[in-house]
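Handing you this structure, nothing more for now.
To keep things simple, chains are lettered A, B, C, D, E, F, G and H as they appear, and every chain counts its residues starting from 1.
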Amino acid sequence: MNSDSIYQLLLQVKSGQLTPDKALEQLKDLPFKDLDFAKIDTHRHLRIGYPEVIYCAGKTIEQVVSIVKYKMEKQIDVMATRADQNVYEAIKIIAPSAIYHPVARIITIPLQHGRKINDSVILVITAGTSDIPVAEEAAVTASFFGNTVEKIFDVGVAGIHRLFMHLDRLRGAKVIVAVAGMEGALPGIIAGLVDKPVIAVPTSVGYGSNFEGLSALLTMLNTCAPGVSVVNIDNGFGAGYLASVLNGMH
Amino acid sequence: MNSDSIYQLLLQVKSGQLTPDKALEQLKDLPFKDLDFAKIDTHRHLRIGYPEVIYCAGKTIEQVVSIVKYKMEKQIDVMATRADQNVYEAIKIIAPSAIYHPVARIITIPLQHGRKINDSVILVITAGTSDIPVAEEAAVTASFFGNTVEKIFDVGVAGIHRLFMHLDRLRGAKVIVAVAGMEGALPGIIAGLVDKPVIAVPTSVGYGSNFEGLSALLTMLNTCAPGVSVVNIDNGFGAGYLASVLNGMH
Amino acid sequence: MNSDSIYQLLLQVKSGQLTPDKALEQLKDLPFKDLDFAKIDTHRHLRIGYPEVIYCAGKTIEQVVSIVKYKMEKQIDVMATRADQNVYEAIKIIAPSAIYHPVARIITIPLQHGRKINDSVILVITAGTSDIPVAEEAAVTASFFGNTVEKIFDVGVAGIHRLFMHLDRLRGAKVIVAVAGMEGALPGIIAGLVDKPVIAVPTSVGYGSNFEGLSALLTMLNTCAPGVSVVNIDNGFGAGYLASVLNGMH
Amino acid sequence: MNSDSIYQLLLQVKSGQLTPDKALEQLKDLPFKDLDFAKIDTHRHLRIGYPEVIYCAGKTIEQVVSIVKYKMEKQIDVMATRADQNVYEAIKIIAPSAIYHPVARIITIPLQHGRKINDSVILVITAGTSDIPVAEEAAVTASFFGNTVEKIFDVGVAGIHRLFMHLDRLRGAKVIVAVAGMEGALPGIIAGLVDKPVIAVPTSVGYGSNFEGLSALLTMLNTCAPGVSVVNIDNGFGAGYLASVLNGMH
Amino acid sequence: MNSDSIYQLLLQVKSGQLTPDKALEQLKDLPFKDLDFAKIDTHRHLRIGYPEVIYCAGKTIEQVVSIVKYKMEKQIDVMATRADQNVYEAIKIIAPSAIYHPVARIITIPLQHGRKINDSVILVITAGTSDIPVAEEAAVTASFFGNTVEKIFDVGVAGIHRLFMHLDRLRGAKVIVAVAGMEGALPGIIAGLVDKPVIAVPTSVGYGSNFEGLSALLTMLNTCAPGVSVVNIDNGFGAGYLASVLNGMH
Amino acid sequence: MNSDSIYQLLLQVKSGQLTPDKALEQLKDLPFKDLDFAKIDTHRHLRIGYPEVIYCAGKTIEQVVSIVKYKMEKQIDVMATRADQNVYEAIKIIAPSAIYHPVARIITIPLQHGRKINDSVILVITAGTSDIPVAEEAAVTASFFGNTVEKIFDVGVAGIHRLFMHLDRLRGAKVIVAVAGMEGALPGIIAGLVDKPVIAVPTSVGYGSNFEGLSALLTMLNTCAPGVSVVNIDNGFGAGYLASVLNGMH
Amino acid sequence: MNSDSIYQLLLQVKSGQLTPDKALEQLKDLPFKDLDFAKIDTHRHLRIGYPEVIYCAGKTIEQVVSIVKYKMEKQIDVMATRADQNVYEAIKIIAPSAIYHPVARIITIPLQHGRKINDSVILVITAGTSDIPVAEEAAVTASFFGNTVEKIFDVGVAGIHRLFMHLDRLRGAKVIVAVAGMEGALPGIIAGLVDKPVIAVPTSVGYGSNFEGLSALLTMLNTCAPGVSVVNIDNGFGAGYLASVLNGMH
Amino acid sequence: MNSDSIYQLLLQVKSGQLTPDKALEQLKDLPFKDLDFAKIDTHRHLRIGYPEVIYCAGKTIEQVVSIVKYKMEKQIDVMATRADQNVYEAIKIIAPSAIYHPVARIITIPLQHGRKINDSVILVITAGTSDIPVAEEAAVTASFFGNTVEKIFDVGVAGIHRLFMHLDRLRGAKVIVAVAGMEGALPGIIAGLVDKPVIAVPTSVGYGSNFEGLSALLTMLNTCAPGVSVVNIDNGFGAGYLASVLNGMH
């Protein structure tokens, strides 16, 4: 509700079309409703049919199922992250079309149709094989939001020549999601090679002084190559979402 | 601006006393002003003449002075924390009545009169002599907000009998601010003796594995005596403010 | 044993009703007994029928059961925290009226009657769905201590407009317990909106650099909004207890 | 040197215009130059006249001056970060047109002309007054790279209504750089309000358990609002650079 | 082999009773044997029949059994720490007299007889019920080394009057082992009350910012009460051993 | 591809043997191919028949098996680390000659013959019995790479004379791998005794403030005895590999 | 006031020599005074003439001087730790006999005479030259408390043979204070050589991953050699005090 | 003193040339003296004329000078690390030939002549300009020990092509010392390119979450490229020393 609509409302009050009581009712929640709708307003092209995301960790299966039910009744696409097989079995009962992406641990339920596909490429790239689950979480997320996603796995710095074989694809992408555990040097290397925004995703892959991803996280935050920004450890979803936002910019 | 005043405004629009344009003008900032004034509304008894607090650390003297000037023009009491002597010298030029509390590193400029004094006691207590600056920050803050403040210093657990000599005063207080560095055990001990809310303030006093107050902070967070809550390391102001809020409850 | 009772004892010695030996017996433990009773004395209105709380983690089922037994014989209300289903099964055998609150992981055995209910409201509020177990621990604790508890769940800062929809309830509460994991920003936001004491409870909900609640804990300790105090990570009981103390102040 | 120019070179060899020895001379550094120019190729619009950035911390004044000299001879714009007044004095001798931005601690030497200004807005926003130096580093960086930069300072979560007064400007920006110390909640709040990419910059502003910016850093990494990515503590330059890359995307 | 025995050997060489070759044979390992026996020498009263201690964690059952076998053949008392029921079952086969202390997780096999009992008291004291396993590890260790051990459990600072009821026993002990988790304040309190050496044992009991015993460890290291020394987290054995050494001093 | 071969190529272009198009094709990937072959080139003596190492942790059994299959087809020796019994069972189906080293958790498949054995000794030494698995990982790795490996276990500093008994073997080795958990002092002691390169491997063996190997890691990094370098916690493979490289130097 | 004197008092009440009012007056402070005197009582032999210790860090010169003055009036020996030259100059004005120990940063004022000297030896030993200030703090402390102190400096593990040259003195001491920074292995080595109680003092000497003494602290806490206990980083005073307590045991 | 010399001694006893008392005198210190000489024995080629190294940090100028004096009298080369200009001025008085390396903060006093120069190359390489002081400490150390040292500075991963320009020199070196701050990825990259031992030296260069070198340290420990070992943060001396040992192997 912007100035225009408030003005219309005031005109209606003046003309007697609307009683002050009714008008008050509408204005009362203005501070909050306005915020709410404002957001939808500026992003209508995105939010229409935009999948709602459910973070399953820490939620009971019952809670997840009831959220899914509610969304489905509103005909909203659903994506559930950090979901295990049990959650999927429970959801499939109420949503037979639900798809489980076991590596990404994501459940998707496509209800909407004809979502516009973004042709520019989000490239998801991992340093090692063990980083793939996090990368897949990013890739499935970005795909579901309508993006074209490409993937290159296992090109970490221990054999940096493997990375160079893919320079063309690096250059051809619009946004790069670089996923790495252990020392986490990959995103910095890439940012030094191409001037694309690099979303760095540290993973908890490793052992010893990796300290559950702390090592990779600090590496990425401290990279001297500019153009890198970092999301939380193992946060594939956050990287996929951010990549979608960046890919949608124009 | 609350529901009542909006309703009055709508009635004026309806009756033609106010044009929609004029009304719009008043309503335009509603989402924000409303939030702002709502807060004032529910706390009017506190906010009228309530001193505005300026955190000096990280601000230039020029910035502090210009904020003080602005507040003084609005006849608002001023309190500036983490202020050194230089800041005080600069403020005294524009505010000759400014008072400097060197131990607490606080500057106060009392402009309002007749603030109601709260008779119930906030007791500020320290484990050691070195904790006094933080305790004084709490005490000066609470005093300036109109509270009766009592102080007991240097009764730490190395000689716990010193604490017991003051049991009556502990029992007589409404809120206790317990300030301790090093091992930081004092607040937990007090909370085990009296059922008053104990605001625990860890200080960075100590050395070695004190790690700049981390030791005392963790001790206080982990105390098994319920009734303790913790503020940031060396955060005397925060403790004094919270004590004021608690002391004002009824 | 206060001055009066010591005086009575001395009169009895003087009058010969009590031999010095018997009197000595009673006085001998004075330093400790006195402390004990003093506490009861100042809080008699609370302690009569006040539930004794048992922290089950790290105790064997046998230990918990024998403590419960002892309390029940003394007709004291019992509350056991961090209790799993197995503990409950064992307790139900000796206390058929025991109630298990599975989300809060609390067992309560109400033995006393007619505890005075405090009408002012403690509002327990969570940032996410996953924070509910900790919030329930706080809520069940505060309820059992005779407080009126209201709850608002899942209003975290990712969609702050959800919080604003409840401003009236925030303003209507006397004490607010704000529970949040991940970034833990909720308590600071609330403290910036209303001038109530906000008890901040960090939870270990999250992943990656959340570091088992450290992230939320540090956020809450560092909030620039005054009026916030912090309890330990996941310490719903401590928050519920402290809220009871604050709610009982007048 | 791209494919085209290599092909021209090979044609010259074939035609005898260039001897194999001369051609070898030019090709010799190919593996590296190519990498270098390849990068230029994809970003030609940016790299032409793109200022070279010198990180002064840890370098002697002599080192900085000689790097500046070298760049100036090549007619490249120069930007030097983390520069104090002494560095500036030394540079001004060889570059009288050098400008010192004391709050941002940046020296700029504009040598190129007519750099194309990007009209879409990068909004730099801070939680507190003390975060301004880091914000200015971001703002000066982005400005120098040819972007339109707007700034909003001191709208932190302690009084969140201050932020809401600027919702229109938040919505009007293409990229948001959110700078915050202490609890660091601002970027998450903003990301929950508008669907723009939010570059979060934790600062070392604060005390106690802020631990030199760790608190703000963890908050930002753990925000549940998607669309946020994080750069290093106090890394205004990195944020400004990344914002430039994102602003230039289309 | 001490000076005396070397001198005897040299005399034998001189007198021809021993050839240089034979003497060399005995002297060859001197650097090591000497070190070994030197230790035995100064502590002969202790080492004769002194139980050898096996730390079971990280060892296979086979390894533990074979070490036990070897010791038994040499008629040495055996004590195995961090031993679970499975280890005990395996040991009982070769050592039917083995005793399992399940709370302390210690297996003892008394082979020697008539070990002199030290009459002065080692007092093992815990803050909570959950600290008992660590305390028992200390107590069983000290008992097995021939000391008189007394125990007081569950007298933590949340109700410090409970501690005072035992002041006489605190004063009567020669060495105090104080075991505490959570905030870990108990050892400091005790050291402030009595001038006995206090061996502080932090435990990993607690949750949240306890960080697996770090909180208690730091508290104990930072105690302002002198006379406290600290062993590793949960290191009941180390405390029991050190207490034995101190108790044996005269 | 080095200068010579580029020169040959240019001569061929000049002479017409090669068209510019064909030459361009070969030059295009030069930056990357060159890197790739360069590595093979300089290390041909090593890489031929050099076992490929698969890090199994975080990989599915299917992934490991398919990598093994691929290597076997190329007749390359295979070594798989961090492999459990299940992985071994799956590999044995396609590689009946596979050997499982259960303590080292390594699977080896020797396919090549006649690998040259290096006669100089790599000595792997542990402080405790519990460090053996990490030491075995180092030993199996070094053995498989063709080195002569000797082992001394359980000579930690608690009884340093045990170490001295092996001084000759320490002096006889060319490279020493010293593995220790808990306090991790062993590598520094050894480096103070012999002037051989000491590869220090911290292990996560220990408890309490060992913090999963952090204690041993810091000890080793801070040793005042020069000649020590450190690999990651529990990184037996890394130590074994590095020892091979050092042992192969001449 | 002990049982006897209370009994006398009660007899006086009974006999009428003392009115209940007068008796009450004497008994009133009993809980606290008793604690206080009890301590003195059990340690009378120590406390008479026992120096009071003032921790100067964090205290103003004025505070230190006034504490010293007070003690001197009561004819109590004074020791002030962490004192710099300025504090000494100020104290010398009121206490011309004050002695400054610059390396230990301790001021001592011997007022009492004839303190009994303990003949058994406390041996203070350091790993490096840089650890000497902390060692001197321990040595001066122990000396002032009447102990015979010996010192061996710079015998760290980098050249462990230096330590062995002093085995006789290690064996001859009753208590050993081992001071070490960097890797901090010295106390564990010593505890493995002699069965004396070893008080380990980590120092903040070192750099890099020493992290202000954390490395040495963790090493000492994790030593596998039993008989070691640890005090805070750089806490020479605490070690000297504890050594005095242990040396006084019999 | 080895077996031979003991045998000679025994023969002398047998023959009466040596009394048992005199022989005992010589044998008494055998355990330690033997160790000492043993070390010299195995490394005689190194130790003759080998410079003694003095770590100046934490030592007074007087202490350093007296150590230097002592060494010079014994005609031993001296190297003093972490030495500032003041130390140098003091040393120059007694050693006019002393040379100060200001960037490396090393003082060297070459007294011996004709030290054999090792022709194989130690390559010291840095990621940034700010890492040069640590690199110079390594280079000066290795040079002084008689090695041929080459240096490449400022080839960090932000522009990895700069590194590739030096592949030939990387391949030509026998040992590589790679020095890097911030993200610290350089050593891992190099180890992935060449199969030389890479000594990784993290530096404290950087800011924010670099945490004084922790970031670079963890990166290096976690590198997936084998062949890397790590020394302490900023430990240029340790790296230079280790490189000398490795370079001397054959």
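Just so we're on the same page, a residue touches a chain if its C-beta (ideal position, glycine included) is under 8 Å from a C-beta of that chain, and two chains touch if they have at least 3 such contacts.
Given the structure is predicted, the values throughout are model-derived calculations rather than measurements.
Common neighbours of chain B and chain C (chains touching each): A, D, E, G. When each chain is reduced to the average of its Cα atoms, A sits farthest from chain G.
Repeated interface: B-C and one of E-G, E-F or A-H share more than half of their contact pairs by residue number, and that pair is E-G. Measuring from the averaged C-alpha position of chain F to that of chain H gives a distance of 25 Å. Chain A and chain E have CA centres that are 55 Å apart.
We define each chain's centre as the mean of its Cα atoms; on that basis chain D and chain E are separated by 60 Å.
Multi-chain contact residues of chain C, defined as those touching 2 or more other chains: 31-32, 35, 55, 128, 160, 164, 167, 193, 208-210, 214, 217, 221-222, 224, 226, 232-233.
Touching pairs of chains, sorted by label, consist of A-B, A-C, A-D, A-F, A-H, B-C, B-D, B-E, B-G, C-D, C-E, C-G, D-F, D-H, E-F, E-G, E-H, F-G, F-H, G-H. Across the interface of their complex, chain C is touched by residues 29, 31-33, 35-36, 39, 55, 57-59, 63, 202, 204, 212-214, 217, 232-235 of chain A.
On the side of chain D, the complex with chain A involves touching residues 35, 38-39, 42-43, 46-47, 53, 55, 164, 167, 171, 174, 193-197, 199, 217, 221-222, 224, 226-233, 237-238, 241-242, 245-246, 249-250. Only residues 127-128, 156-160, 182-185, 188-189, 191-193, 206, 208-211, 214-216, 218-226 of chain G touch chain F when the two sit together in their complex. Residue ranges of chain A in contact with chain F, taken from their complex: 128-130, 160-161, 164-165, 167, 205, 207-210. By the touch criterion given at the top, residues 3, 6-7, 10-11, 13-14, 16, 20-21, 23-24, 27-28, 30-32, 34-35 of chain E touch chain H in their complex.
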